[in-house]
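Shared between the two complexes below is chain A, which pairs with chain B and chain C, respectively.
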Partner chain A sequence: MRRYLHLYRVFAGQFMKSLIQSKVDFLIGLIGFFFSQMFGIIFLSLVFKQIPNLNGWTFEQLVFIYGFAQIPRGIDHFLTDNIWMLAMRYVIRGEFDRFLLRPINPFFQLICDRFQADALGELIVGFVLVGVSVGNHTVTITVGNVVLFVISVLTGALIYTAIKLLFASLAFWIKDSIAILQVAYETSDFAKYPISIYAKPIRFLLTYMIPFAFVAFFPASYFLTGKNLLTTIGAEVLIAFIAWLLAYAVFRKGLTVYESAGN
Partner chain B sequence: MEQKKQSLRQKFRIYKPFTVCRIQEQLAYKWSFYLFIFSSLFCVFVVYYLWKAIYNSSSSATINGFTLNEMIVYIFMSFITSNLVRVGVTRDIGNEVVEGTIAMNLIKPIHYQTRLFFSSLGNLLFRFLVPGIPVWLILTICQYQTAGQLPPSPFTILLYLLSAILSFGIMFLFDFCFGLLAFYTTYIWGLNLAKQAVLSFLTGQLIPLAFFPTSVQKIFEFLPFASMNYTPVMIYLNKMPGERVFFSMGVQLVWLVILYLVAHGLWKRVTKRITILGG
Partner chain C sequence: MIHVENMSKEFISPKKYPGFKGAIKGLFSNEKVRKLAVDRISFDIDKGEMVGYIGSNGAGKSTSIKMMTGILTPTDGFCTVNGIVPYEHRQENAANIGVVFGQRTQLWWDLPLSETFSILKEVYNVSDVDYKERMDFLQEVLGFDSFIHSTVRTLSLGQRMRADLAAALLHNPKVLYLDEPTIGLDLVVKDRIRQAIKEINAQYETTVILTTHDLSDIEELCEKIMIIDEGKIIYNGTIAQIKDLYGKRRMLTLDVKEIQTLSDLNFHNIFQLGEDKLQVKKEQSSITFNFDKDSLNISHIISKVMEKTAVRDIKMQDTQITEIVKEIYKHGI
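What follows is the complex of A and B.
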């Protein structure tokens, strides 16, 4: 464990160096993600000029849900973005070899290979919006809430990671799973808004199949209403745990069927 | 690069293979393309359900002159149109600069921009077939069944297509200018993301421009973005009075000319400073 922590620090240090070297690229990516999330909020503010509330939610509450949704997404995006490479090229080009040659856990190596600084754009949007919500008393800060917030955000990120890992690991069998992963990942778009606005099949999908509703809307609604702790954040923790075990098992299974590309 | 004048017909014969090649490329990877389209439809459905909830929460049946039905047609037609006009030239140029293949392509006796244009034409044609036609058919059938709404007259559809083609041209030139940034930075993926986000907003793909405050709308009238998506979709929806249609298409033409000149000028400047690693 100590060795892994040390290694992680080394990898992170390398990443910081590359970041300093390519400042412009960093800014571009950051602005890109910042814009693509910020326009959602401008959209809402334009619409709310016409209506008093949306399905019973006020504008301020929607801003909180939207902002809250960005944080676990951003954390996962920052730490484990390299999982996309597994889906896209590591298997099909046989590049996964090098992760199997070193005496370190392959998953650890996979995520350490690259951090994704673009994700800071999402995190900034997320924290600004949550900050605004605290400022206008949409949510209140208590010790309990802060602890729950940290738990919820981290387990939410874990759900993201698990879903990504699960679909990316399919590449071990089908060589290139980028399109499937893309479809699965994009369903998280639905989770930025109250789940009650969607038709039944979509709600079912987000709750039971690809559980993005537990990453954003359910925990956010707990902070807004203070009700149903167990079925929101409690369920989130449980689901994160199960999803991770499942995804990691598939990944391990995938390692056993991995065959390198010939030269 | 200047060659002896070719007739339009000759030109077409020379560059047609680029169009065909692009279509074949898309066909070769058709499943990942279909899945990609499918996942981009998610975004549209998020917006669709948002609008439904918004109209449910509103006290009046029309918001900024749109009924719910018109809004549904608006978002799906926007999806179709933006897919048609999305050309991906930025990525083409970016890849060529990063890989250095642009050097060879500049040497060949083929006009660089014309080649890109014909490749993009392949995108346009393919996307007209998928997702254009199926999404339009499903939309039209659903509209007829749920609201008894017939599609607009063939003349309106013709005007829409004309305007969409103009949008395609504008978008091509804009994307081309934008793609030239690849000569200055190599992070095209991030650039594209930022561009895509800004465009989906300013071209009215996310929300009709009529929802913006009037002062902002005034500014938009002097920008090319409305010509890239908003104009054809509003024509399709019959939201423009007769003379306004031709005025808007005139504006599109003007932008086409302006951007053509800008692209031409930028290209001259950029190719002078190009340096390429290896070859």
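What follows is the complex of A and C.
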């Protein structure tokens, strides 16, 4: 474990170096992400010019849910973005070989190969919107809330990672799983809004199939209402745990059927 | 050091049909194509041996190497490397082996070479003392000082290959797998790589398995060779032995004064030998006999030719390993 922490620092250090060397690239990516998120909020405010509330949720509450959803997404995006490469390149081109030839965990190597600085755009938007919500008393800061907030965003990020890993690992069988991963990942866009506004099939999908509702809406609703701790954040922690075990087992199984590629 | 027993690998892929109609048909059919890439191979390799592993394209070389390195899991049989089953204990095995795939780099594309080495030092947990000693040695035999601060993607093929070899040896592996390490390299770099492999083997008693299409690599480095064809090992022994077994062919070239005087001679009739035991090729001013040394005496050939015309020069050649291997690929053993 200590060795892995040390190695993680080494890889992160390399990433920082290359980041400094390509400032322009980084800034453009960051600004792009920031704006695409901001447009989402502007759209939301335009909608609320027309209607006073949405299914019982006020504009301020929606801003909090939207902002809160960005944080676990951003953490996962920053740390494990390289999982996408598993789905689209590493298996079909046989490039996964090198992860199997080094004496460290292949999943660890996979995520250490690249960090995604663009994700800072999501994190900035997320924290700004949560800050705004604290400022206008939509949510309140207590010690308990802060602890739950930390637990919730970390386990939420883990749910993201698990869902990505699960669908990316299908590449071990079908060679290229980018299309299916893309669809699965994009369902997380639904989770930026209250789940109660959707039709039943989508609610079912987000709750039971691809559990993004537990990443954003359910925990956010706890912070807004202070009700149902167990079925929101409690469920989130449990689902993160199960999703991770399942995804990692599929990944491990995938390693045994990995076929490399001919030279 | 390496023990392989009845190891097989079968690839299963969905059957494909030609054309657009075929693609549609493929969607609905459930037919599978099975391809036995490696077919129950067995062999042993001792510590410190350098073994050449050869076979034509698609014969199963890379697939068997990938099983020994732990990348692929055999469908049947097993292998152990230094007592470890590589595909079951990948990380443990990885600490013992070094791998160079000539066609694909293991280095970090965007990092300077020096950074790559320092990351690998951490990855393989090499102590400072060992690292220094190893780097000095590798620098001496591979000479990468001039480009150690360049980014990997800017290196030339020859530089990259030397860097890849150094990276594979940093942790002093017990077994070194080289999959076509000299492919596409010029003669100078090729020679440098070969010398380095030799010295590493001598210094550290590293076991080396080398696949290549350049048989001069093997003649220079290895005492033993294994030949694989259609997934089966068809030869496993010393190079000297294979030359003995298949090297009954001799090549005799005679430079003659007047080649046209030989045109009406039919050597097959004269010596009562078929095309399999004797081949004759005439050129501008020379004639070449490729013959089985047990069925035909050199002096007979020379005297027959000298009856007709004066001989200016005689050249005699042993069979080249290349020729033998070509024969084996074509006809099997």
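Throughout what follows, the second predicted complex is superposed on the first by the 263 of 263 C-alpha atoms of A that agree within 3 Å, B and C clash if a C-alpha of one lies under 4 Å from a C-alpha of the other, contacts with A are read in each partner's own complex, and residues count from 1 in each chain.
Heads up, the rule we're going with is that a contact is a pair of C-beta atoms (placed from the backbone, for glycine too) under 8 Å apart; a residue touches a chain by one contact, two chains touch by 3 or more.
This one's a predicted model, so the numbers in the text were calculated from it and none came from an experiment.
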| item | value |
| --- | --- |
| Which superposed partner A:134 touches (first chain B, second chain C, both, neither) | neither |
| Contacts of A:198 with chain B and chain C, given as first, second, both or neither | first |
| First (chain B), second (chain C), both or neither touched by A:182 | first |
| Touched partner set for A:101, first chain B, second chain C, both or neither | second |
| Touching partner for A:10 - first (chain B), second (chain C), both, neither | second |
| Dominant contact partner of chain A by residue count, chain C or chain B | B |
| Chain C-contacting residues of chain A that also contact chain B | none |
| Footprint of chain B on chain A - complex, ascending | 22, 24-25, 28-29, 31-33, 35-36, 39, 42-43, 46-47, 49-55, 118, 176, 178-180, 182-183, 186-187, 189-190, 192-194, 197-199, 202 |
| Chain A contact footprint on chain C (complex, rising order) | 11, 58, 62, 66, 69-73, 87, 90-92, 94-95, 97, 99, 101-104, 106, 108, 110-111, 115, 119, 122-125, 179-180 |
| Touch list for chain A against partner chain C, complex | 3, 6-7, 10-11, 14, 17-18, 94-95, 97-98, 100-106, 256-260, 262-263 |
| Of chain B, residues touching chain A in the complex | 31-32, 35-36, 38-40, 42-43, 45-46, 49-50, 52-54, 56-58, 63-64, 185-187, 189-194, 196-198, 200-201, 206-207, 211-212 |
